[in-house]
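Each of the next two complexes has chain A plus one more chain, namely chain B in the first and chain C in the second.
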Partner chain A sequence: MSGALFLGWRYLVFHQLKTAILVASITLMLFLPAATRVLVNDSAAALTSRADQTPLVVGASGSPLELVLSSLYFHAEQPPELPFASFVELRDTGWAEAIPLNTRFHSRGSPIVGTSLKYFSFRDLDLAQGRLMGMLGECVIGANVAARESVGVGDSLVSSPETVFDIAGVYPLKMTITGVLESNGSADDDAIFVDFKTSWVIQGLGHGHQDLAQPAAAAGVLNRKDGLVTANASVVQYAEITPENVAQFHFHGATGDFPLSSVIVVPPDDKSGALLRGRYQDNNQGMQMIVPSSVLNDLLDTVFTVQNYIILGLAILSLATIAVITLVFLLSQQLRKGEFHTLSRIGASRAYVATLIASEIGFVFIGSLLLATGLTFAVRQYALQILQSFLSL
Partner chain B sequence: MNLRYFPVLLFALLLAACGGESAPEFATADVAKTRPLIIASNFPLYFFTREIAGDSAEVIFPAMEGDPVNWKPASEDIARMQSADLVVLNGAGYEAWLGWVSLPDGILLDTSAGIRDRLIPLQEETVHQHGPAGEHSHQGFAFTIWLDPMLAMEQASVIEQAISELVPENQQAHRARLATLQARLAALDEELRIAFAALADQPIIFSHPVYQYLAARYGLNGVSVHWEPGEDPGIKAWIDFQEVLRRHPAKLMIWEGQPGDEVAGQLEQLGIRSIPFHTGSNPPEGSDYFDVMKASVDRLGE
Partner chain C sequence: MIELRDIDFRYPVIGGFGIHIPRLSIPAGECVAVVGPSGSGKTTLLGLLAGILASARGATVINDTDLAVLDDGQRRRFRIEHVGQVFQAFELLHYLSVIENVMLPHYIHAAGADRKDVHQRALQLLSDVGLGLKAGSRPGELSQGEQQRVAVCRAMLNQPALLLADEPTGNLDQANKQNVVDLLLDQAQRNHSTLLMVTHDQSLLGSFSTVLDIQSVLTVTTGQGAKAA
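Let's look at the complex of A and B:
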């Protein structure tokens, strides 16, 4: 018995190329559907987990999916904006905690998330270094941003212009890093968090400049008349907010009209949540309140359907592969007739020869199974790295 | 399904796939607290809060140089406020720093939110323009609300409610202390009424536009200039002052602090008596809020 296994093993080792092709084919046949299923299932579970942790989201009327992906992952196309007054109204109902989000801006590809301090406790985010932002212009960065940009507490990041050719647009803002978050394997790792008021400064709704009433700004004053001071372009506008100039920063217009991307709503109980949802259903005023998990479940239903079609396609390919492999083995037996005849003449039984052939097939399948299992685990462990390597191509 | 979401979805799915266990509780900078921490933004609010809270809470007035209205909290102050249970605010634009600090909404107590309809709009504003946004101004309200004891009583009432929400088991004690405080404010109101009644409609000049609520409460006939105690206002200011006097022949000037001897002497030559009437926004040395107010009342009666 062990002799048949040994002969089978030696045969496979001797015919390395043939063995390698067989193992690779069977491995792919097993790995592709398994990896697809594992990837989709694990991703869906983690995705719905973040959605489940986000009870309600309010945004301007539009695509609910866009709103959810923007609020939870900061990477979607921007949903229509809603006015800050909507957030204040929601907060002042006292029926829920409201967390503002303004996700419109980026810095070197990382989303800048304008929010309040409540976001950090809501998401159970822990600081690896430093402290939370305390004033305008300060930011807290995710672990991946810190690693990717090689920055830490005390360094700075600059907001990116919305378009490359926006030379007359808002000035990029230099943001000082006050804290780095511990990685939690979510979209928060890739985000730059600032106070929502800082995001308004980035948008140009607030700015800081020399005090026009002070003598130092005299050169920048074009005209003073009846309490109206007209400044010329030489008035220094600050591109960085420091403790020294922060008091010179101010906002123009009614704050209630300032934009937010969305508001995360955390009701204390189901009843308050239901009351709020009813309120927005009856009197939506151009806004929508959605349950992220239900929006994502609808989406995932579609994803699972697509996944099933992919697996069906792979199953058909697997059948074809099995047919080809069977053919290879049958042809191989034909070619090895002389070898089996010799074995028979030196005393090997038919069972011995059958064991030899079975052991060769068994070794190939077991090897392929182990390889496919290893690759599937690798996909599970290194999915993000794999994706990033694809994206960087 | 809309195909344009597929790349985003793929990215989100893969990001989510890498999700690990949720992180431990967020660690704030606060130390172990035995009592709620309350921070007040000026001395009158600190005094009211301390009087009402008693031992229920640790009440802090941050160390600051100059008038609290010009306070620029340092990062340590901001961190302390972030870890506080309550930050008592005057409102009416007094805390300009609120526009540039990050604090949790839930701990901010605007003591004038309920009397917004009685806030006095500022007469003066600077309009300026730069860039395509056009001209704009930074208009606001007079903020020395506590100088009207009746409004101060309402601020104190708001503070009591907030403290009682923080420490509900001591609510009765808080209410009793609020009643005592309000009785003292009512007595102060009566003293001020008597002191200012003696002035009748006499024209008064205020060294700074910070007495709007005092003037409104006691019917004072005053106009404001922008003079700082201890500073020479300069020649232009004196010329403008003559113009003010021509329209408003005052014999009394009320100051936020003790004016310099030279300025007081020059005013005397114009027949104008200088009386310091502290707003009390900074902590007085060795005395409390009522001592400060009483001293001002006494000076008015001299």
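Let's look at the complex of A and C:
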């Protein structure tokens, strides 16, 4: 019967276009429901896994989902800003460890995450090379950023302006890379981490320039009055923080008013967590404290409902596809009656002809199944990135 | 030696066409042209000899094997091992190459033969008929004369004891007709095969050692009645 398989294979190879259309149709029929399920389930697992590791998040009042996506994945629209004083107040309660986050800025599409060193131990992030940032202007990058930008320790990245028309606003800051993180398959792989004060420098709240008290900067002085020195436009502003000029960097205004995107809150026990949540419920002062896993579960309930409707729709489409394929197949057999008659006259049995037909069906289905499985695995590989790209739209 | 004795055959439809052959003997290695008007039973005779049709009564003996006592599966096996057939419309498979078409009997029933050896034999047959260089072509790329030569090679692959050709020149021009007949006769002689070729073309009869008028050996029966041939 291997001859029948050979003939079946040769028939399919000869009718490449017809075979390709059949395989594509059946592949889609198998792939779409499987991919939908895998995409949703794996994404849900990845989302909830990171959310489960993040006990509480504090942010300004607004969309809880936006706050979670910003704090955990650095990809959503920016939530309303939170004053730094809120972080200080939270930290000083002593009920929890507080980790500041400022996720407003980007560098060539990669989010710049202003945070503290506690973030790295909280997320169990290990360095593949280099060290953590130790000075203003230094950064640690995720594995994907290093690969995408082909950069490593000692290289630098420049923050992107928020808009191309932002001439008078945020200056690009050249950041020196001091470390590259090991990949852990999370949003951290795609982020650039800086100290939260560096993110304020990027925002223009802190800056560095020539010391106007020095004679070398005399040309940059507009006037001096009562110990107050006013600079003119010719004063040299630093676009990069180096050990030589770091002392010239300073912040204007009250630090307590400086912005953060959110604060990750890690209470040592359930009681501390409950106390904190009660405090924010009673007196929220324009802020909210959320449990990320609860917020994501609400989202996932909706996603699963939509998934069920999609799969139902695909099942109906699959039935229609099967009906059309069956019709095409039966018509094809009708057209091949002469060929089967010839085989029979030469000496082929009915079982042989049946094997020939079955082998053609088998090859098409096996090919489709392999293709659908491969595509589903590919989707599984990139499930989180795909979902993130959807969410950031 | 081919021998048919007291054959009664009728197609299994109400009032269907049938034939009766009291006795027919053809010596082994004979090249026979079978002639007769349309509807006289020529194709039915070939069907009985190939074991495609089974008679309800009588004996169809080919080289000591009585097809009448074989079941369908055994007749198929006998056919593919001992009978080569050439059809009027060539009946090559369009999706196979020329050499794969010649090897078709092997793909249907390998009978333990080594595929390389069969491939070599198929190639030799094609070279013998001048198509060695077209072994990889598709049938659709060949002329009609070339396609019929491929069909002859396919029939000869298993070096059959009996070669049956049902109007193999029906779709060919005059030059190709004689070429195909010469080829059939040559291949039959090389393999010591018995050749029965049905034809309506009187100009080809001179090439055969025997001309068999079908009406002289069988009686056609239709429905309940019978008409004398």
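FYI, the second predicted complex is superposed on the first by the 312 of 393 C-alpha atoms of A that agree within 3 Å, B and C clash if a C-alpha of one lies under 4 Å from a C-alpha of the other, contacts with A are read in each partner's own complex, and residues count from 1 in each chain.
Heads up, the rule we're going with is that contacts are C-beta pairs under 8 Å (C-beta built on N, C-alpha and C of every residue); 3 or more make two chains touch, one makes a residue touch a chain.
Here the structure is a predicted model, which is why all the values come from computation and not from measurement.
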For A:G338, is the partner it touches chain B (first), chain C (second), both, or none of the two (neither)?
-> second
When the two structures are overlaid on chain A, which partner does A:A44 contact: first (chain B), second (chain C), both, or neither?
-> first
Identify the partner contact of A:L117: answer first if only chain B is touched, second if only chain C is, both if each is, neither if none is.
-> first
Please indicate which partner A:V23 is in contact with in the superposed arrangement: first for chain B, second for chain C, both, or neither.
-> neither
Identify which of chain B and chain C touches the larger number of residues of chain A.
-> B
Touching A:H75, do we find chain B (first), chain C (second), both, or neither?
-> first
Contact residues common to both interfaces of chain A (with chain B and with chain C) | none
In the complex, chain C touches chain A at residues 50, 52, 72-73, 76-77, 79-80, 85, 87, 91, 93-96, 100, 104-110, 154
Note which residues of chain B are touching chain A in the complex, please.
-> 1-2, 4-5, 8-9, 11-20, 22-27, 29, 72, 74-75, 78-79, 82, 96-97, 99-106, 124-130, 133, 135-136, 138
Interfacial residue positions of chain A with respect to chain B in the complex | 39-40, 42-47, 49-50, 63, 65-66, 69, 72-73, 75-77, 91, 97, 116-118, 120-121, 124-127, 131-136, 138, 182-187, 190, 195, 197, 209, 212-213, 227-233, 235, 241, 243, 246-247, 249-253, 299, 302-303, 380, 383-384, 387
Mind listing the chain A positions that touch chain C in their complex?
-> 2-4, 6-7, 10-11, 13-15, 338-339, 342-349, 352
